[in-house]
Structures are given as structure tokens and as C-alpha cells.
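In the two assemblies presented below, subunit A is common to both, partnered first by subunit B and then by subunit C.
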Partner chain A sequence: MNIDLVAFLADSIKMATPLVFAALAALMTRHAGMFNMGVEGMILCSALGAVTGAHYLGSVWGGLFCGILTGVVTGLIIAFAHLTGKTDLYLTCIAFNLAATGGTVFIMYLLTGEKSTTSGAFRSYQIPNINIPIIKDIPILGRIISGQSLLTYVAVLSVWFVWFLLKRTRVGLRIRSVGENPKAAESVGISVTKIGYISFLFCGVFAGLSGTFLSMSWVTFFMKNMVNGRGYIGLSAQNMANGSPIGSALVSLLFGATTSIATTMKSQSKFPTEFLEMVPYLATIIAIVITSIYNINKQRKIEQGGK
Partner chain B sequence: MNKTQRIEAIMEVVRILAGMAIAYLVALLILIAFSNDPVFIVKQFILGPFSSPRRIGSIINLAVPFTLCGLSMCFMYAVNKFNLIGESIFMLSGCIITFIGLKIGANMPAVILVPLLLLIGAAIGAALSFIPAIMDRKLNANVVVVSLMLNAVITQLAIYILRYFMKDPGISFIGSHETHAAMQLPTILGKMRVGSGVIIALIFVAVISIIFFKTSFGWKMRIVGSNPKFATAVGLSTLGISFAAQLAGGALAGVAGATEIMNSYKRFQWTASTGHGFDGLLVAVLAKKNPILVPFGALFLAYIRIGADVVNTSGDIPNEFISVIQGIIILLVAAESFLSGFKNKLIYRSVQAEKAGRKDK
Partner chain C sequence: MKKLSKFLAAAMLGLSVAACGNGGGSAATAAPAATAAPAATEAPAATEAPAAPAETKAGNLKIAYIVAHLGDKSFADSGERGMQQLKSEGYETKTFEVGDDASKYEDQILDTIDQGYNLIVASSTYFDQCHALAQEYPEVKFVIFDDSKDPADLLDNEAVIFYAQNEGSYLVGMMAAAMSKSGTVAVNYGMPNPVIFDFVTGYVNGVLDYNEANGKSVKVVSAAVGSWSDPATMKTICLDQARNNNADVFYQVAGGSGDGLFEACVETKTWAIGVDSDQYQAYKDSENPEKADVILTSMLKEVGNSIVSMVHSIDKGEDVWKKTTTLGLAQDSVGYVNNEFFKANVPADVQDAMAKAAEDVKSGAKKVKSYFDFANENEFNDYIATAQ
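Let's look at the complex of A and B:
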């Protein structure tokens, strides 16, 4: 078995992109105090929205726009059910993901007559890959960093944007204060509901970008259940990083790398594919265990130090 | 029960029925909007499930796993832990009891084999739901995320066992060898061809109802779920009780998987997750965590599922739309503010009337 290390690293970045967006989406609502599992379904809907938009508007950018729009709309649906309808957030998200799984297949069937993929019926559009001028000529680094999808670079900028939004702007401060202590925030005149909606709005944009990447960059069509737990993995990534945007991106990169290893092995070895399919999920569970133990130990040390 | 409580209880029922009715109407609207022959399709959807004794029987057969999974989720939901591991327990339990049944069941009478396999299914379920439960308790890891990740892993494990250890090379699809007659539950009720798994389901409904409402464990569990602070304050072991409830829920999901294989299949042939865990959650939500009401929720779900299947085969609407309807039902029934204005108005009015009555005296 031979592995091309450069190609592997480039592939890891590619695999990590939808996870970074998913993590950022989950992060936005997390800071407003909401554990949003609906990210999974939102990404799935956006992936379908993007290819549908691109097909009917006839352009890549139309697809990108529709993908983001779908993300925002689905986010607002969850926000409405939870914030205005006062439904338990877990139940809302489980119900929404369930509806998204079947609903996307249903809509795909109505539009194309197919139940598994849109590749036959819809023209495929791809978000362009970008070659960064000077960097692309650096020997090894160029092949890894340059030539990725435009959305991958958007993901990098988004990490910075989210950090800036949360730490340096008034909206960010309000979102965090609502997440830390909703009653205190309410008492100084911040509307918890309004801030909740705003955080879901941002969450929707990132979920939309994640979905668009999957159906217009990773592959160029929509496939039944194509998100395959990436929303949950992104959610766990930001949980492990304790809600830090940069940390979430790094953890996502790690998960991207494990997925990349599994995919490479699938094509090169006779190892049962079932076990390789498990890798991203097992990696997530193991990572959750490790970070939890680390956090608990840290907490214990702080408590002992306090005595 | 005072007047306010009575209104609350009645409104709870009204809310559930209204939620089901609205979701059902949405389903009809979808059919009307997207079908080329709406009248025929709507008629098929509503009456199709009752059109032959065979189809009525299949509603009941479908309701059997829904009931057992609903009971399983009642335990999880009762202690407010959305441990969704039941989804994959159902599949792995079905897989392993088929494997064991094929190995040991050749000369065993059904009276011994069936309970033995149910017990094995329950053990598998309890063992698997132990993982997210212990991670939730000791590591403070989110039980929903952990159970969903584990679902993906366990589903693949079941497929692996099927493909490498159980596959019957003589058939055109991926499936195990045919199971022995002793582990195929006989059908009852003549033409309807209802599997006798329905008896297993009803026994469990009775037993779980007794546990919920007549034992101290059931009482403690309901306290822990409805008011954890109070439970801690009166000295209940909140963690222990929610842990035990999750194990019981897992065991029931295992029983559900085992029953489904023995009731409706001659081979183990699932190559993808079956969705029963989520169906169980829907049933538990519809039944408001009350085990006695679970079979009714299960029958309703089975009815709309069979309706969707009829529409799928006889018309142009794919049956996936039913999962959208399921989502809407969960949202409406679980939404606290759905019809709450109306309820508050009723309570307000009754209190006002009572006051007026007192003044008159």
C-alpha cells in the first residue's frame, strides 16, 4: 500500500471543509446557549437546494445562493419551532432531521423522477477551484494549499469572521451573554428570542455553505443521505474545542484526515469496507472520550487547588 | 382533580389529536398537490389500508415493532435522555438472534427457543445502551450525539456480520440462510395473517405499564423525568435511576428487533438502518410517555405507513413523504405553545366562572 502524502494532506483539507462549516454553524447557536443537532438536516436540505438552484438558474452562483438560502430558511424553521413554538430543542432537531432525510428524497423524486441521485437529471455545476498566485509555485506546499475549492478558502475566512463576530462586535457580545445567562441578558433589555433567531440566521448561512460544498464541490450532484453524519461530527468538533472557532477548525481538520485515510484505504486494500465506514464515527467517539476525560481531570485539579 | 387540572388533561388529549389531524391533513394536501390523479390517490391513502384483510393484518404486524420500540423510547423519554441507540440495537439484535437461532435452533422446540432468543436480544440491547449511558454519566458526553455516532458504527457491524458470517450464497440478494421453523412465529387470526408477535407486544405493554404505574421504580423514574430538582431534593438517586431506565429501554429495543425477525422475516436481510428507533420516538411522543397509550400511537403510525405504501405502489407519490409527516407530528405534539393560548383562555374562563359562582352565594 503506498500513500502519496501530499495528495493525502490536500485531500484531508478538502474532507475537512464541510466539517469546518458544520462546526461553525453549530458554534453560532452554541454560543447563544442552544445545542443544535438540526445542523445535520440543514446541511442535507442545503445540498439539495444548491444543485436545484444551479440547475434552474443555470449558474454556479445561483446554486451557491440557493444553497445558503435553503440553510437560512431551514434554520429559521428550527428556530421558530424552538423559540416561538417552545418545543424541546432535542425533539425539534430529531424531528427536523427525520423530515429532512425523507423530504429531500421526496423533493428530488418530484423534480427528477429519481430516488437516489440527481446526477442523471440535473446538469452538474462545480464551484471553481482557485490557484493562489505565488503559493501555487512553492513545491510541496503549493500542491497542498493551492488549487482547493473556493469554498475551502471561504471556510478559512469564515473561521476568522466568526471569531471576530463573537469577540469584537456588539451582536457577538449579545449572543454570548444570552448563552451564558439568558436571565441576566433579559434583565438588561436584550431580547433572548431575537438573539436566538440571529444566531440561527448565521448558523443557517454556514450550514448552507457546508451543503453547497458537498453537492457542488466534493461531488457535483445531490445524493440520498449524502451528509452521512457530517453535521453531527462538526457539532462534536466544536464541542471538543469548547466553542472556539479556531479550535473547531483544527479538530475538523483532524476528522477530515481520518476520513481521508479511510477513503484511501478503501480503494487500496482488501480490508472489509464496513470497518472503514466506521472510522469517522469511531474517531469522533474516541475523541469525545479523550476530551471529556481531559476536561474532567482539569476540573478536578482546579477544585483540589482551591482547597 | 380540580377544574384547572381537568382542563389541562382534556387539552392534552385535544392537542395530540389536533396535532395528528393537522399532520394527516398536510399529508392529504401533499397528495392532492403532487398527484396526477388526486381523488384516486387520496382514496387509496385513506381507505387503502383497510381494503383487504391482508392489509389490515399488515397494519397490525407493522404496529408490533412500533409498539415495542415505542415502549423502549418511553423509558428514555421518561427520564429525559434522548438515547437513540435503539435504532441500531434493533438491527444488531435481529442480526445476532438470527445467527444464534440458525446455529442452535435446529432441534429445539419453539417454547424454549423463542423466549431464549428474546432474552438474548434483550441482553444485547441492555449491553449496547450501557455505552452511551455510561459516557453520559461518567464523562458528561452528550448522549444524543454519542448514540447517533454509535448507531453508524453498530449498523456497519451488523452488515459486516451478515456479509462475512451469515450470507446465503444461494440467493440473489444479501441475506442469511432461512431460519428454522421453530423461530418463525405462527400467524393467527386466519386471513389477516397477523403474526403472533402481537401477543409478545401486548404482554410487554402490560408488564411495562405495571412497572411504570405500580412499582416504586416507575414512580421514581417519572419524578426524575418530570422534576429532577425535586427528585434530588427528596434524596432519589437521579443518575442511577436514569441509568437503569436507559438500560431497560435498550433491552426493549433488543426485544423489538428479535420479535420483528421472528414475526415478519424468514431471513435476516437488513442492509441499512431500519429507522425503527426514530419511529419509536414518534410513538412515545404521541403516547406522552404513557405505555398504555403506546399501542394506539403505534397503530396510527402503522396505518399512515401502510397508506403511504399503498399510494407508493398504486400511484406516483414516493412513500418518503411520510417521514415529513412524522416530523410535523412530533413538532406539533411536543410544541408547548401549540394551542396553549386556547388552553389558558379555557382555564381563565373556568376560574372566572368559579369566582362569579362564589360571589352569588
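Let's look at the complex of A and C:
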């Protein structure tokens, strides 16, 4: 046995991709003041939406479009319930996630007669992997950076896009001001509801990309519960990074790496599986505690400096 | 676009319906049974004349089949095929899908008893609930399949069916070792439990016996996905094993996660072995027939046939109660798929060796190691380590 480190790093990036998208999705609503746990369910719905779209429209890009569309539609459902219907966001998200678990299986059954997977009933389509010219010829770096899924590169661009959107545009400023203090934003004529919908719209796009990556790039079919908590991990990634897009991406990368370590250790069958199952989540908790302590200390310093 | 708007409408409708229906109890369905027919083994039940006992005694038995969900294309669906066969023989049967919430199992099984079903057929998942009800309702009979219990732990109205999955896995293990060019084969499973370890034990036994007979040293790597429905992780594990261990034959015992293994095999151009039902045929008949061309064979576990023959035995008044009935190669309850693809790709001498080994196991000349022979899990781990 000799572990291929370069492949391990490339794997970490692949595994981080759905987490980055999930983190960005959660981040968009967070900045508008809403902690959206429904990301998990939105990703699950999008994963089904993507393969369904690809099958019926007969193309990869149709699948990508439908995946994103499903993300947006499900995001707007939550937004409608919370913003227009004034429901409690946490309860709505819990209900939505439970509904998504059963609902995706139900829709899959309606469309295909299958209850577990679309691997037989739907034609498989895969988002292409991209070999970047020049970079792919660089010895080690080429194998890590080049040859990833198209969506992985989209994820990198998305991180920059979200940063730009939030920090450098008028909409971004409004989203942040609504998140910081909705009453103050309202008093200067910003519609909190409208901004909420806009943030959910972006959230839906990223959740859609995350789901599409799972069902059309990592594997090429939908399976019930295939998200397996990746939405929640993305959620805590952005939480740890305190809402910073670049920080969220880095933390996602860390989680991608821990998952990759766990998988490699699993496949070498030397460690108890139950322990390895725990590793990514344990890393989450430890990381949250560390960042929390760091933030508290920082806060304390500010307060002391104020005196 | 018309199609698109239609399924979006269905999507919205589905979400709202499922929100109410998710916890709604046991929905009895007559889901269309999957059509994949066993290729290599002849159904034992089909060869018996089923009409005679069915007509005379069918009135006494009302059979309820308890299952989490149909549609897994293997285990649960195989049982459903058995139910369909019993139905066509004149028995009154009904399938109850009870979902994944263990706290509701007992109530749902009790419901079926209240509806007058007097023979409850359920997998080992439901043993505890069935055992509790069996004490309360001595007149109701319980058949628990895919489990192994000591007679002392059973009641007079309980019968347990155990499958010798180690015997079938032994044969595909031999084949895997023979087909491996790199000298490493893999077996990846969903979650660790005794039945799954029995698959692994048989497989490792097959590889070790091949090594001994041919003077080779083929190694076995194994891994748990940690879920029955995480094909993404399964795919990554297999790619990892192909890369770091040079594994080139993969055996899946992972339910839904197994689809990830087949994709990894397509990508790395390695061989796969399916499980429970003929997965080559299932893919060949599907929208993605090219994925079938890595599946050399599948280890068969004929759940449906075993239930049918068990019901026939009960009808004939045979003594099956308060004990575990073991069904293996000799009863044609486990086996391997022996189709054209298998014959075209597996060398003739390997095929012969498998057929001969099957005869030896059937006659009792060869005893395949079983997980249930081990005193504890450490012994099992030590045994697995000998092949690493």
C-alpha cells in the first residue's frame, strides 16, 4: 500500500466542491439575517431535479439548468413561507428537509416507478471534467488543479462572485444592511421582504449547483438521501468562517480533506468504520469551538480596549 | 418545455403531498415486482407442484410481508417476488411498507395482526418487534428471514430462515482471485453487521482457498461505506482502492451504495461483482446498458424462493418452528449468475473450478468458513487480516 498524496489532494478538492456550494448558499441568506437550514433539503431536491432534467431534455446542460431551477424554486418555497407567510424559519426548514426526504422518493416513484435510485431508469449524464491547457502539464499542480469537474471551477468563480456581490454592489450592501438591522434598513426605504427573496434566489442557485454536482458529476444518478448531511456541513463551514465567502471555501476545503482522509483510511480497512464516520463531524465541532473561542477573545479585547 | 413544466408541476405537488404523507403509517402497495429473473439457479419452489397444497390449505393462511420499502432491486424486491408467486398460487398475501422509523414497527405489525393476517413474514430487522408480538399472540405465526437464532431464544410460533451467504460469496471470491491481474481484490459493504460480515468471511475464504490451490497470494481489501445510500462515498472508496491498492475486482454488498461501485469500475476499467439479484441483467435492461459490461456475475440470494418454500413447508405441516432453517447452495437459495457475459469473460478453467467447488460445498465435502463460527468480532478481524 502506498498512498498517492497528489490524488488525495485532488480528491479533497472534489469532495469540497458540494460543500463550497452549500456554504455559499447558506451564506447568502445568512447575510440577509436568515439561518437557512433548508439547504440540505434544497440540495437533495436539486440532485433529483438535475438528473430528471438531463433525462427528459436529453442533455447535460438541460440537467444543469433544471438542477439550478429546482434549487431556486425550492428556495423560493421556503422564502415564501418565511417572508410572506411569516412562519418560523427553523420550523419551516426542518419541515422542508423532512418533506424533501420523502418527497424526492415520491417524485422519483411517480416518474420512474423506482423507490431507491434512478441509476437504471434515467440515462446517465456527466458534467464534463476540464483539462486546463498549460496548467495540466505542470508536474504535481497539474494533476491537482486540472482535470476537475467543470462545476469545481464554477465553485471557485462563485466564491469570488459572492464576495464581489456582497462587498462591491448595491444589492450586496442592502442584503448586509437587512441582515445587520432590518428595522434600520426598512426606515431608509429598503424592502426587507424583497431583499430576503433576492438572497433566497442566490441561495437556490448555489444549492442547485451543489445538488447537480452530486448527481451529475460525482456520480451520475440520483439516490434517496444521497446528500447525507453535506448540506449541514456546508452550513457549519460558513458559520465557522463567520460569513466570509473565501473563509467558507477554505473551511469547506478543510472538511473536504478530512472526509478524504476518512475515506482513504476506510479503504485501507485498518480503522473502525464507526470512528471514521465521526471524523468529518468531529472536525466540525472542534473547528466551531476553536473559532468561537477566538471570536470571544477578540470581542473581549475590543471591549477592554473601549474602556 | 411542455414535458419540463409537467414534471415541475409534479415536483411541487409531490412535495406538498409528501409533507403530509411521510409519517402516515403503513401504506400497503402492490408495487410492480422487479422482473430480473434468477439466471443460474433453478427456483426450488417452482419445481415443486405448488397447486396441490395451495388449493386445499390456502384458506387458512393470510400472509403479511413486512418490509421497509420496496424498490431496492435486490433484497426487499426478491421477497416481493415470492409474495407475488404465493398470491398466484391462491394464498392471500399483502405487503406492508413500514418505512424507516423503528419506533413505529411494532404498532404497524400489530395492525396487520388486527386485520386478520396470521402469518407474518419479515426480515431480521423486525425480529425484536415480532418476538414481542409472538409472545402476546401465540396463534399468529412469524417467519423471520435472514437471521440466525438459537432455538432456546425462539418461541413455538417463530421460524427463522438463515441464508448461507458465505457459500455464495465463497464461489465469487474464488472467481475474483482468479480474475485479478494485480493480485488485489476488494469487497466493500454498506454497514457492518453479522450478516454482512458473513458475506465478507465467505469471500475471503474463497480468495484464500484459491491462493492455496494455485500458489498465489491474492490480497483482499475491504471497507464500509457507512450508509446503504451513499453511492458517492462508495465510488470514492473504490477509486481509492484501485489507485492505492491496485485492486481490480470489486464485490459490492452495499445495497444502494453499490451503484457507486459499478461506476468506479466503469471508470477504472475493472471488474465488478453484484449481489442479491442479477445486477448485470438489471443494468442491461436499463437506460444505461454500458454500465452492465463490468459486472462479471452476481452472488444470488433467493429470498423470494425461500419464503415460498417455507410457506409450502408450513402448509404441509412440517416442523419448522422454534428453530433456524439454513438454506445454502444445496437448497439453491444462494448461488452465482452464470450468464453469457460470465461465460464469455471468465476462463473455462475458472468456471470449472467454481462449479466443482459448488459441488463440494453442496455435498458437504467443503465447509465454508462463516462469520457465525467466530467467537467474536476480533476473531473475524484476525481472519480478514490474514488476507491483507
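Assume the second predicted complex is superposed on the first by the 305 of 307 C-alpha atoms of A that agree within 3 Å, B and C clash if a C-alpha of one lies under 4 Å from a C-alpha of the other, contacts with A are read in each partner's own complex, and residues count from 1 in each chain.
In this section, a contact is a pair of C-beta atoms (placed from the backbone, for glycine too) under 8 Å apart; a residue touches a chain by one contact, two chains touch by 3 or more.
This one's a predicted model, so the numbers in the text were calculated from it and none came from an experiment.
Chemist: With subunit A superposed, do subunit B and subunit C clash or fit?
Modeler: Subunit B/subunit C on subunit A - steric clash.
Chemist: Of the partners subunit B and subunit C, which touch A:V171 in the superposed model: first, second, both, neither?
Modeler: In the superposition, A:V171 contacts neither subunit B nor subunit C.
Chemist: State whether A:K115 touches subunit B only (first), subunit C only (second), both chains, or neither.
Modeler: Once the two structures are laid over each other on A, A:K115 reaches both partners.
Chemist: Look at A:L5 in the shared chain and tell me whether it touches subunit B only, subunit C only, both, or neither; answer first, second, both or neither.
Modeler: After superposition on chain A, A:L5 lies in contact with neither partner.
Chemist: With the two complexes superposed on chain A, say which partner A:L235 touches: subunit B (first), subunit C (second), both, or neither.
Modeler: first
Chemist: Does subunit C touch more residues of subunit A than subunit B does, or is it the other way round?
Modeler: Looking at subunit B versus subunit C, the one contacting more residues of subunit A is C.
Chemist: Go through the superposed model and pick first if A:E277 touches only subunit B, second if only subunit C, both, or neither.
Modeler: both
Chemist: By the touch definition at the top of the document, which applies to A:C66: first (subunit B), second (subunit C), both, or neither?
Modeler: second
Chemist: When the two structures are overlaid on chain A, which partner does A:S292 contact: first (subunit B), second (subunit C), both, or neither?
Modeler: So A:S292 only meets subunit B here.
Chemist: May I ask you to decide whether A:I135 touches subunit B, subunit C, both, or neither, giving the answer as first, second, both or neither?
Modeler: In the superposition, A:I135 contacts neither subunit B nor subunit C.
Chemist: Let me test your reading of the model: by the given contact rule, A:S124 touches which partner, first (subunit B), second (subunit C), both or neither?
Modeler: Touch status of A:S124: second partner only.
Chemist: After superposing on chain A, check 41-49, 167-175, 239-247 or 347-355 and name the one in subunit B that bumps into subunit C.
Modeler: 167-175
Chemist: So which bits of subunit A does subunit B touch that subunit C touches too?
Modeler: In the superposed arrangement, which is not itself an observed complex, subunit A uses residues 95, 98-103, 105-106, 109-110, 115, 277 for both subunit B and subunit C.
Chemist: Residue numbers of subunit A touching subunit C in their complex, please.
Modeler: 1-4, 7, 11, 15, 45, 49, 52-53, 55-57, 66, 69-70, 73-74, 77, 95, 98-103, 105-107, 109-111, 113-117, 119-124, 214, 218-221, 223-226, 228, 260, 263-264, 266-269, 273, 276-277
Chemist: Quick one: in the complex, what on subunit B touches subunit A?
Modeler: Residue list for subunit B touching subunit A: 34, 82, 84, 135, 139-142, 144-146, 148-150, 152-153, 156-157, 159-160, 163-164, 278, 281, 285, 318, 320-324, 326-328, 330-331, 334-338, 340.
Chemist: Of all residues in subunit A, which touch subunit B in the complex?
Modeler: Listed in rising order, the residues of subunit A that touch subunit B are 35, 37, 81, 84-88, 90-92, 94-96, 98-103, 105-106, 109-110, 115, 229, 232-233, 235-236, 239, 272, 274-275, 277-278, 281-282, 284-285, 288-289, 292-293, 295-296.
Chemist: Residues of subunit C touching subunit A in their complex?
Modeler: Answer in residue numbers: 3-4, 7-8, 10-12, 14-19, 21-22, 31-32, 69-73, 191-192, 221-227, 229-233, 235-238, 240-241, 243-245, 256, 259-260, 263, 282-283, 285-288, 291, 384, 388.
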